[in-house]
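Below is the structure I would like to discuss, written out as structure tokens.
For reference, chains read A, B, C and D in written order, and residue numbers begin at 1 within each chain.
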Amino acid sequence: MSKIDCVAMLLAGGQGSRLGVLTKSLAKPAVQFGGKYRIIDFTLSNCHNSEMDIVGVLTQYRPLELHSYIGIGSHWDMDRRGGGVFVLPPFARDQGGEWYKGTADAIYQNINFLELYQPQQVLILSGDHIYKMDYSLMLEYHRDKQAAVTIGVIEVPWEETHRFGIMSTNGEGRIVEFQEKPSKAKNNQASMGIYIFDYAVLKDYLRRDAEDTATSHDFGKDIIPRMVAEQQKAYAYPFNGYWRDVGTVESYWEANMDLLAERPELDLYDTSWRIYSENLNLPPHYIANGSSVKCSIVSEGSQLYGNVDHTVVFPDVYVAPGAQVKDSVLLPHVRIREGVVLDHVIVGPNTVIEAGSIISEQETNICEDAALKKYSGITLIGADKTIAPALSGAKK
Amino acid sequence: MKRMMGIINLYNSKDLLWELTRGRPLAAVPFAGRYRLIDFTLSNMINSGITNVGILMQGNFRSLMDHLRSGKEWDLARKREGLYFLPPVTGINVENGFPNDLSAFQSNLDYLQNSRQSHVVISGCSMICNLDYNYGLAFHQEKGADITVAYKEMGDLDSYPYSSMLGLDEDGRVRDIEINPVRARYRNLFLEMYIIEKKLLMELVDSAVSRGGTNFLRDAVMKNLDKLKIYGIHYQRYVAHLMSIRSYYRHSMELLRPEVWRNLFFANGLIYTKIKDEAPTKYNDSARVSNSLIANGCIVEGTVENSIIFRGVKIHKDAVVKNSIIMQKSEIGSGATLENMICDKDVRISAGKCLIAEPHYPMVISKGSLL
Amino acid sequence: MSKIDCVAMLLAGGQGSRLGVLTKSLAKPAVQFGGKYRIIDFTLSNCHNSEMDIVGVLTQYRPLELHSYIGIGSHWDMDRRGGGVFVLPPFARDQGGEWYKGTADAIYQNINFLELYQPQQVLILSGDHIYKMDYSLMLEYHRDKQAAVTIGVIEVPWEETHRFGIMSTNGEGRIVEFQEKPSKAKNNQASMGIYIFDYAVLKDYLRRDAEDTATSHDFGKDIIPRMVAEQQKAYAYPFNGYWRDVGTVESYWEANMDLLAERPELDLYDTSWRIYSENLNLPPHYIANGSSVKCSIVSEGSQLYGNVDHTVVFPDVYVAPGAQVKDSVLLPHVRIREGVVLDHVIVGPNTVIEAGSIISEQETNICEDAALKKYSGITLIGADKTIAPALSGAKK
Amino acid sequence: MKRMMGIINLYNSKDLLWELTRGRPLAAVPFAGRYRLIDFTLSNMINSGITNVGILMQGNFRSLMDHLRSGKEWDLARKREGLYFLPPVTGINVENGFPNDLSAFQSNLDYLQNSRQSHVVISGCSMICNLDYNYGLAFHQEKGADITVAYKEMGDLDSYPYSSMLGLDEDGRVRDIEINPVRARYRNLFLEMYIIEKKLLMELVDSAVSRGGTNFLRDAVMKNLDKLKIYGIHYQRYVAHLMSIRSYYRHSMELLRPEVWRNLFFANGLIYTKIKDEAPTKYNDSARVSNSLIANGCIVEGTVENSIIFRGVKIHKDAVVKNSIIMQKSEIGSGATLENMICDKDVRISAGKCLIAEPHYPMVISKGSLL
């Protein structure tokens, strides 16, 4: 096997429990997003567009749908000879198997995969974010700086700095201090969880980290602070585009809504940086007489007879005459019956909302049950449910 | 299990789609927002479990090959069998001077011979429907037929000039065939689909060519009407017969009826086509859309009524598109008005332009035009 | 997803520790066999040729090479829409992950995969055997008998019955008694580890077995005996062809040698039942002047200058002038230098045997080290080694 | 990174492989035990990082399309770019009456236009070698050339009748070209490979066609020798030039020299071809083989000397095959003797038959013959 410049390792094992029922039966990277995509499509499309030809995807939590979705990467045109996408679940060795204990441990357990390629650099990614980024530019930056590690950073609002790993850099972009989720941040440059390591350095730190029983085996908490402390050449690579962690129901809803702006920050229609995804072979969607569809994105196979405003409509969704859907996300195969009113609702795949149901921030006439959960004003309804109005139109 | 193979015959005796088939074969004409005509024939075959399909290519078929490529989208990129392109005969084999389907069949007898299946489904590309050939095969075997041909009984004879029609007896046996009459005498529109045993097909082709034949239907089938048991099977559901710009337009508009949409796209399986990786379609605040079919990848800021919009079309603010068909990647400038128009691929209509044709007599704007 | 007749589940998690260094870095089903193949090729090709369109492959031990080898099943033409090959490693759930505890447990942990397809029957296979078998005939038999479970059986020599699950059947083939590895067998009909279950029955027994803490969660030890005891309609399906477990170094060597017979029982040249495998794109092999090659199978890219007799030669093997190789197996990329004598030797991938080395049953002139291990007359040499004669030609 | 696209030009002015190109284009002629000629050109392109390849098809190309299918084996089954079949021009576009490469180029100008790459590598299929076009591109840019052409200096002029030769000045600039002379005046064999900027190619093609040109080399290149800076790059390693049965045979036999074998199959990357899923080759007790190349899937029970045996060949007991080339799936009966023969695909030689041709004047037994 020939020597490869850079291998990407995509951490896709997260359970994403803060996404509620959306991750009940699938891993977070496999959650649908943006009217057609799954969250991991963005990172994998970035890899393809950045000509990162070899990508290991580390999975752990409920990977069935994720594995069969990823396959050998055909959706992203990455089923290439001698390259492509490799799914790397935890596995058993002579002495039995071990689950991944942390992000660093996950990479360490798959060091034999990296050894196959002997790359110059290793790009560490997570499958949890919505963004478009050219990793090859970051790789160039890393090489220009002759860095040991380069961390992708983005400016975040000062009041959110406590949620991130925060970098302080000198004039050349070299990291002089690293604070993991600080209560009092010295800076607002946050780590995006994107790292480029020189492979030799990475191996060394992973080995030492593995021997250390006191660590949590995490890049942000353990490896990076140690490298900064040991004066390794760690650089920050500033990224200015759209970047969202969709780790909570609220942020998932917001990132979907972001796509509906008149000029969205994230342009899905730019053919020079396509976001690839599965294609379902459904006919064009149908918008009926008497309906009104605006400020929305709508996918193939859907049939809209009612009013759809500021809403993300996935494939094969049906909205009956007289229904009103606003500020919502309708996942694939959802059925919205006559006269339904939805406002700020995320409806899971295959769910049916029966005629007359009203679900909004102000008012609802359905029984609140396990299928339905509220997150600061947004109602999340799980997959494969049937929701009907309560017999005595309950008011809240 | 797998007893049938498919042959798609791209030789068509009459092509009245003029403006749409200038730069492409009939099989590659775009239809229904995201398909090419051949997608329907091919999808019917694979949805019927057929995994070996040969295409008798004709004319300038580059756009068709671009579309089909490996056959992957139709699950026909296989190690064994799959999709075979059978290019036109050149040189020595064309005894009768011009390319024709009978000699195309003949020069591919070895392909037929080497295939494992016992029966062949032959189909053209201008009859658009969603059907299962297994019903045809069951019928074929029950009747003990030599050839089974599919037809649809039509209400209105006048709508189908230049179509082939079948004369049937009470038992459903074909007793007469009219090929492309100006005014038909029978009501049974021939759907250009045959089921026939492979051995018989090979025999009929060889025999007809050696007697100077050039047209499969006329010389191999019609001339044997008395000798062979040819039965018609009635297909009851929706068929669009695309043989002129008017019928193309009329059938496109029929897709806006939800029962036609459902029937054509879901009746017996999905219709597969080339993947384009387009984003979902985006409607802005100023979009006003009604009774329209809209494919992925569009950006709609204007008004769209009773229209079919293909993948990647942009309709700018204050543009009005009515009773029209706008093909892939076309762009309608702000304030432009289109009525009763067919825009081929990559057409750009400048801001403020107004193009209105007569109802039922659509005008075609050719591929790549900038108006 | 449409209802599927039969889904195959292939147990490929075995470590295969009795294969010595052959399974040092890969799972047993991924071990090379027969001059070109890997062990799992036989079962997967059987699946393809039997038109079993959906195959779940359950992996656990060192699956990297196996996973990337299997991919989405393209080698076996099984990368079909709505079907194909799905790799199923152990995975984490809400309450953490669990490793497969036994064959039955492995299937039970993947019941959600089977639920996707709701098959009529489930075919359970293992990836450890060399054979050609039409599973669709067994499925037909199962349906004709209206069986709850059908077990593939083969006659074994009476003296080997203690190694197998042994079936006693009545006149119709119904199993009346099942003995797992009996010291005193009542019959010589041995289970091949191939089962067809009605899915409903399988689910029921797996569920009950999972709740039972006293079992080893194994089909042969627990599920089948329990079904026979509970008078379920269990039938034996007799198989008469070539069938070998290649679980030990000796049996691995023997099964390779079986292919060299004048008329081998296992016909690799029958185009109606091809065994599919990876293809390496190497040129035709070259047999030089002055060499002698007989009673052997030789694969692409090899260059033979010496004498090769009754030997299996994998791709890209080099045998130098004057070398003598007999009754041996040379795995891919092996280099045999001048004057080497090999007799009853299995040489692992990429290994170099330096000039003058002699390794045979009777005599050897090389230092015996960890790289080399003897199994009743057969010498096994691991991968990536360099073997040279000892300075003072040691005699045994 | 990806600056080059590839065009494989299947129009060849002189085809002297008669017996082997009767039922197939030159590009589909089997060579070296498991390949077709086009595999070498295609593999060189992909091994040089080219991912967009158009093939100017000519003649009866069904066998070629069967061979290439989706392009998967060459890693060219891609969503973007990959393998494009550019079928022959029919009808209106052939102004000059017969199919020719210049009009083929011209009718595919839109394909060139739509491609992202700035440079085009053009190659034929009859020059077999293993090279990296990136060296050519570096040379091209260093020289500031308009066109770079590859050549090899030959020792023996007499061996290359009907080849095109280049006359070069000291600087390596091409000053004269001879197309297929019976007796060459220059020693520099033109390898039928060009590197050229895409824009210039499009301009040259259009300009030559509009002046009645039909031959790319003659009308687009040679006529511009004075105006354009055309440089020759010398390819030093092994080249097999297959332009007659004798040269086909001679170059096949050269493959038995290990340094040629290594050079052609490994120098700059592997040569890819269609996968056949054959088992390894089996030698029985009575097999006697020396100095031969043998592909997978064969069963050898007889004697094979100085020969090339393709995939799936059976050589029965006491058969003797010497100095011969036996193509795919042929079968040599027990006791038969073949010397100095070329058996095309699927030939069956009955037991005991004896066929011996003169050394260096091999006889060809055509595809599917039963002797």
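Remarks
Just so it is clear, contacts are C-beta pairs under 8 Å (C-beta built on N, C-alpha and C of every residue); 3 or more make two chains touch, one makes a residue touch a chain.
Worth saying up front: this structure is predicted, and the values here are computed from it rather than measured.
Among the remaining chains, the Cα-based centre furthest from that of chain B is the centre of C.
Between A-B and A-D, more contacting C-beta pairs join the chains of A-B.
With each centre defined as the average position of its C-alpha atoms, the distance from chain B to chain D rounds to 38 Å.
Computed centre separation for the pair chain B/chain C is 48 angstrom, with centres defined by C-alpha atoms. Annotation for chain D: residues 79, 275, 277 touch two or more other chains.
Annotation for chain C: residues touching 2 or more other chains are 276. By the touch criterion stated above, chain C contacts chain A in their complex at residues 13, 15, 17, 25, 59-64, 67-68, 71-72, 74, 86-94, 96-97, 99, 110, 112-113. Interface residues of chain B, counted against chain C in their complex, comprise 1, 75, 78-80. On chain D, the positions that touch chain B within their shared complex are 57, 59-62, 65-66, 69-72, 77, 79, 82-91, 99, 108, 111, 275, 277. Every residue of chain C that touches chain B in the complex is listed here, in rising order: 51, 77, 80-81, 276. Residues 32-34, 73, 256, 258, 261, 264-265, 270-273, 275, 277, 279-297, 299, 308-310 of chain B are the ones touching chain A in the complex.
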